[in-house]
Amino acid sequence: MFVQLLANGLVTGAVYAIAAVGVSLVYGILRIVHFAYGDLMTLGAFVAVTFDTTLGLGMVVATFAAMVAAAALSVGLDFALWRPLRARRANFMSLFLASIGLALVLRQAIFLAWGPQPRAFDVDPFEVYTLGSVRLSGAQVIAIVVAVVAIVLVGLLLSFTTLGRTMRAVADDRALAAVAGIDTGRVVLATWVLSGALAALAGVLAGLVQSTFDPNFGFTLLLPVFAAVVLGGIGNAYGALAGGFLLGIVTELSTWEGFGGGVDPVYKPVVAFAVLIVVLLARPQGLLGRARLV
Amino acid sequence: MSVLTSGEFWAFVGVVAGVYTILTLGLQIEFGYAGLLNFGHVAFMAVGSYTMAILVVKSGWSMWLAAPVAVLASSVAGVLLGLATLRLRADYFAIVTIALSEIVRYVATNEDRLTGGSQGTINLAGAEEASDYNGQWQRFQDWFQEALHLGSKDVAMLLLVWAAALVLTALVALSARTPWGRVLRAIREDEDAARSLGKNVFAYKLQALAFGSALAGIAGLFYAWQFAFFSPADFAPLLTFFAWMILILGGVGRAWAVPVGALVFGVIFAGTRFFEFAPFTWFDSAERAYLRLMVIGLVLIGLILFRPQGLLGRREELVLE
Amino acid sequence: MSALLEVHDVVRSFGGVRAVDGASLDVEAGSITSLIGPNGAGKSTLFNIVSGFLRAEAGTVTFEGRRIDRLPPHRIAQAGLVRTFQTARALARMTVLDNVVLAAPRQPGERLLRNVVGAGATRRREREVRLRAQELLALVRLDGHADELAATLSGGQRKLLDFARALMTEPRLVLLDEPMAGVSPVLRGELLEHVVSLREHHGVTVLLVEHDLEVVMGVSDRVVVMSDGAVIAAGPPDGVRSDARVVDAYLGVEA
């Protein structure tokens, strides 16, 4: 049972991890706490389900379509909203509130376009893979495989390409990066494209794993994702990855009877929040964040 | 269309605006005066509503005793939040407060025996007893209506809520002008400067949270009295965001901006119901609900972009830039 | 007789680097002491430790015979040891007068309920405090700006505001963090006069941090020199100026 929960945790954690990287990049590079990210994930899932079931083009095409749509939207929003705000030198509060407004608009748009009924992807719900004492559904296996591939690719991008290193430099210290002559315009664009694509991917995978989803589901995922980002140290993409997996695993494992009966599965999100709060009490900068002179 | 001029409808909108005023006053103290990014504010409203309901229905208290205790409970909850989270930097604090308010909502949803669970307070006991707190309030409200020879219950409630809202607004405005309020503002400006002048910043922030949460608790009381039955879904983060919108719409940092913001917000929110022109006519009524919320979101974005000082704020005192 | 402020063997590191490495110094009551040294000598860190904004890893800080190194900054300020900041921290969206009024100690009105119960005493003290604030603002010639937002003040004026605010707290020791930084030569003279008057007219002891020795030569009774986290010399200005170790420390830093 423990190992099964661990496997489930890896799946959940993988989804959190992908989303957390996107959120972390946006915060690190643009200083925006992207409250609309969950709804972007929802959008990804809904665009994908349209391409998959309604248009019958299959999951691969659907996922790519979703990633393109989310990336394009993110870039468009940069021009429409974030750029003007940057021009006004908006502070953290303004950006946060603007993203809250954006989240509202995006979610209602999804409701309007697709309606409130739950949707599901076209996957065989009875396809089960067994590995030792662990049983995983086809959806879960796909989710883990795709997630790992995506994470490895993103990791390679961030570590070994010029663009990736530039992005990390800007996230680390924007003033310094500007002085060093880094083209922040390109970095901003890349950030939106990458974070948008990751949001859509996370949304699709989450929708796959959850089997059915409705327009609210992205926001429900958002808070654990934020928790993962803060846990890993805000602005640190690798930390976000670690935080995502950690939270996914801890959340699932907390329901194990071996832990004094285990937590009621209904309370899983609460576990994520509780972990966040406990960690922050002990280490206010997060697990991998840098200690600041608070 | 007759509903547009329906007194009942607008009285209802007025009551809700009054409840929001009281809720947002709490946020004005916490953010407008002390600079605290509390995004879990609605949780304290829930604590107020539920504490009163549980004490009356499950423990048989008189509503008039349960009410102040409920407000106290909200205040204590605010202090506890502060003790746990005030040492965090601003952005973490904002996220953690949302997380905490969701925890409260989760507990309320799942602890059926205590709170009635996801169906809400109607589940606390039989339907008769379950609204006992509302029953006791109704008796008071009816007495009030009689005493002032008012035509309808809605008007009575409207007056009661707004009497409370205006008194509280005056209290909050007065508190801002005290030396206490001055310290809060200094903390908002520059915590370290305040410390270097001998002010115990942590203690003042806790006080701001205690006061702000107490106001949220009072808002919760009126919410319970107006709606009789309520459930955890009524205290979703969306309400906190509405309060923030009202705060900004009115103007951050000025107590009297809050009732103005709440009324304008109420009119926008309710008024969009009546737009009988394109593009609204393209949507059916269920869809219009989504459209309404979309408009709210767009108004918030518009405010941030074009008028961050809100209706009554002053440019020089801008907190948002 | 023990000194007003005694700093003993204080140590503090940041990420493996010892910013302050066993620094000790004494400040006598009624004196003006300058703490100087090249950039990176650890002066600001030591300042932050003495005023409670940083915690020392080892060593002690004693003020008026009382250990203060474990106290939070606001308690240290309440005890009579007040600091200013290098970039004058004017409270921008409050009026100039409010900036100073805020600093007054013993304000019953700072407890919210005292504005309801015992409001008379609160109002009386508030009147007292406002009068005193006006006096102090007149001293630094900012009284004309009393009702303007502090945001409208120039950099130099903000430093003067800092002064007035520090005085308002009725301190016994004032720590001035690079008071001349970013100040025009014209204003410098005025600021130096105020520094001296702190001792002369207000009986306040002064410890100031500067990195230009010449600026503080005329006003200091005593000069303490730091380099690489430790105190390398201390004494009257003339003696220190010609001390070989001090000259050494500044080599390559002076133009």
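So that you can tell them apart, the chains are marked A, B and C in the order they are listed, and the count of residues begins at 1 in each.
The rule is simple: a contact is a pair of C-beta atoms (placed from the backbone, for glycine too) under 8 Å apart; a residue touches a chain by one contact, two chains touch by 3 or more.
Quick caveat: nothing in here was measured; it's all calculated off a predicted structure.
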Least step count from subunit A to subunit C, where 1 means the two chains touch: 2
Farthest chain relative to subunit B (centres taken as mean CA coordinates): C
Chain whose Cα centroid lies nearest the overall Cα centroid: B
Winner on C-beta contact pairs when B-C is weighed against A-B: A-B
Inter-centroid spacing, subunit C versus subunit A (mean Cα positions, whole Å): 48
Subunit B-subunit C separation of Cα centroids, rounded to whole Å: 43
Interchain centroid distance [CA atoms averaged], subunit A/subunit B, Å: 31
Set of subunit B residues in contact with two or more other chains: none
In subunit A, residues with contacts to at least two other chains: none
Set of subunit C residues in contact with two or more other chains: none
Of subunit C, residues touching subunit B in the complex: 51, 53, 72-75, 77-78, 82-85, 89, 91-94, 98, 101-103, 105, 107-112, 115, 122, 126, 149, 151, 165, 169
Residue ranges of subunit B touching subunit A (in the complex, touch as defined): 37, 84-85, 87-92, 94-96, 98-100, 102-103, 106-107, 110, 241, 244, 248, 283, 287, 290-291, 293-294, 296-301, 304-305, 308, 319-321
Of all residues in subunit B, those that touch subunit C in their complex: 174-175, 178-180, 182-183, 185-186, 189-190, 192-201, 207, 211, 316-317
For the subunit A and subunit B complex, residues of the former touching the latter: 33, 81, 84-85, 88-94, 96-98, 100-105, 107-109, 111-112, 223, 226-227, 230, 234, 264, 266-267, 269-270, 273-274, 276-277, 280-281, 284, 286, 292, 294
